[in-house]
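Structure record follows, encoded as structure tokens.
Order as written gives the chain letters A, B and C; numbering starts at 1 within each chain.
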């Protein structure tokens, strides 16, 4: 047990150093990219104020942004602020970026979590069905469907769902995370879920075909293994084998893969949120990019990298904790 | 005999697919801008024989616009995949052939690119280059090379440990000679197949980014832009604007993907045996 | 005298072939076991001895009915005097007939040894006693298969079969990796079971071991049994044996002169038309190359040879 803890600690430290180096690199690269942009953040900020500014005020804003300082110095100033938790002020929303990220992440998290769980469960179940019926009709049909689905862009699927379920069938509202014109305090949980359902359903289509195909492949490998042959020789039927050996050997790799797919999930949520006008990080980042809101763009980029790293960290730890060949070595 | 038949069939099938793609591409390029331009008299028409995909709010024919959009998407997709595949080969080969330090740095670089959601990274690059075509191209090219680079790294590592490569080295052949005669013949198919399989992804990304408004300017007929416009008219019941161009995009992507799989079978018979 | 006893397992003219798909619609049948005869009586150990690549391991799968779907079995297979249909095979697996697999790869890598040995029917108490007899420490049940040493793994594999109380045990190469004492202990357990009236099929490439512990030895060549003889005949020497391959095999043993047999064992898909051993046989005639010889009773054993003596 002690050995395991020690090894976990070592994994944590090693991975922590890597995450820090990656985040630092992301900050340098994204800062360089936005600095290279022809979009003038000061101009955008002033536009966002909506009022005319005097030359003195403009100069003040410019010095706040450090326009006249060399880029490296500007970067260091920005970084030191970020490390103190100050991500700057958003030009569109006129509020601290950190607050906006915090608020919107709650919405995005609800969306991504629902989609993630839904995609994970349906994908895994379908993968098991395909694996059990390997080479037969259900497997062939589902495999074709999965291949087609993986070529369908998320945003178009969202449009079609919107058309079918909201416009024609009127089952779901057209967009936003709550009914328009209702105070946020008065929105019920049911209303929130009602608005969340279709975007989450759409987003789940992004990855479930992938999970299903991966699970199928793993299950086929397991079913062709010598230990399953031996289990058959001992009188275990197909479903006993799935329960005793199949799930044991494929469930946790699938879960690991799920955690490692946070990048696609986040990317997909940008599109899904835009289709459904869902007020999360994804719609904020595209708005920030379109309207030249540099602090918000940088903030969300850093946050998304942190989010992906967290997923990868969990995946790595799971991988180590699950496989006894790795886990027991420490003992 | 039968094997030859099957192979020939596959070649013909793949050629037919490529031909269809080429025809669509040529149509998109050759159709003059004015052909798609419409008048308000024909605005918002549902699909008919005259306008197979209907018309949009400005009365433009959506079928022609979709074709033009597809050719734009294909151009960008092909260019971006080609750049990406070259990056992948360079990184993969350098990573496998270089010292352990180089390998570690390049692996870290791959982790870095994989560590930011691609949509976000493309948005940033597009933002840096002032949106438009260049940003789109650079963004897609910069994000699609990682998995192919890993594949090629593995391939080169495996090839280097082969007996015949070791024999050539003993015989005093230069590493350039080995590269040319032993590694290149194995890497070329990987490169082509990787490129073709990257192509549909690149098209999908192009459409997504244009949809978000970061790609081509709104007057350009790109699929993503048509679909973004269609959003405004969804509740008005103009289903054809969203459904038909999207469906065409999906069919093209499936076609390219299938052609890529066939090409893989033709170029790399071992992997096709499964 | 053996004919009066009732056979537990009887195989007549058993052939196993695999349907292989080439490219397209081409298919070829690959025959891996041809016209195999083997009878197992209660209370005996029958060794199946032959070099690797002769299809010995598939025999166990064929008896248990767990061949892959593209395999086809032809011939007459009987257990306790009744045809062994797929339904009966399903029932007897793990109950009446148990398999001792070749290696630790046949154990689920993520399942601890204890529950894994218990299997589906969970005879935990009996298994603990067995472990003690096989000198496996109690803590072994909490280990994963990869943590077992070679010898431990063997003993665990043997106990997976012994714990079931099966009437017939098919042991597929059960002894490699064990120390000589452990191997002897495992084989002694098989002997003990046989003396209690159960039967053991011992698949092995180690002829010395087979001869030492088995009652009868079946010599396996290119997917068929060329000779079945009492184990004592192998101790007696080539004169007591019936088939030219058995004789050659005896002479190839290190203690008997180490004389190699010229030529190679034919592979499935490339089998000769007549007697499978004809291409390497010094006594072959035209008849041998055209016709498959029948299994003939010779001096209390059986051999598949026109010239058997």
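The definition used in the following text is that contacts are C-beta pairs under 8 Å (C-beta built on N, C-alpha and C of every residue); 3 or more make two chains touch, one makes a residue touch a chain.
Everything numeric in this text was worked out from a predicted model, so none of it was measured.
*Asks:* Could you pull out the chain whose C-alpha mean position is farthest off from that of subunit A?
*Replies:* Result for the farthest chain: C.
*Asks:* Please state whether A-C or A-B has more C-beta contact pairs across its interface.
*Replies:* A-B
*Asks:* If you average the CA atoms of subunit A and of subunit C, how many Å lie between those two points?
*Replies:* The separation of the two C-alpha centroids amounts to 55 Å.
*Asks:* Let me have the rounded angstrom distance from the C-alpha centre of subunit A over to the C-alpha centre of subunit B, please.
*Replies:* That pair's centroid distance is 23 Å.
*Asks:* Please list all residues of subunit A that touch 2 or more other chains.
*Replies:* Counting only residues that touch two or more other chains, subunit A contributes none.
*Asks:* Could you list, by residue number, the parts of subunit A that touch subunit C in their complex?
*Replies:* Interface residues on subunit A, with respect to subunit C: 225-227, 229-237, 240, 244-245, 248-249, 323-325, 328.
*Asks:* With touch defined as at the start, can you tell me which subunit B residues reach subunit A in the complex?
*Replies:* Listed in rising order, the residues are 108, 111-112, 114-120, 123-130, 200, 204, 207-208, 211-214, 227, 230-231, 234-235, 237, 239, 242-243, 246, 249-250, 253-254, 257.
*Asks:* Okay, in this complex, where on subunit A does subunit B touch?
*Replies:* Against subunit B, subunit A makes touches at 18, 21-22, 25-26, 29-30, 32-34, 36-39, 147-148, 151-156, 159-160, 162-163, 167, 174, 263-264, 266-268, 270-271, 274-275, 285-286, 289-290, 292, 297, 300-301, 304-305, 308-309, 312.
*Asks:* So in the complex, the part of subunit C that touches subunit A is made up of which residues?
*Replies:* Contacts found on subunit C: 60-61, 64, 66, 90, 93-95, 98-99, 101, 103, 105-111, 119-121, 144, 146-147, 160, 164.
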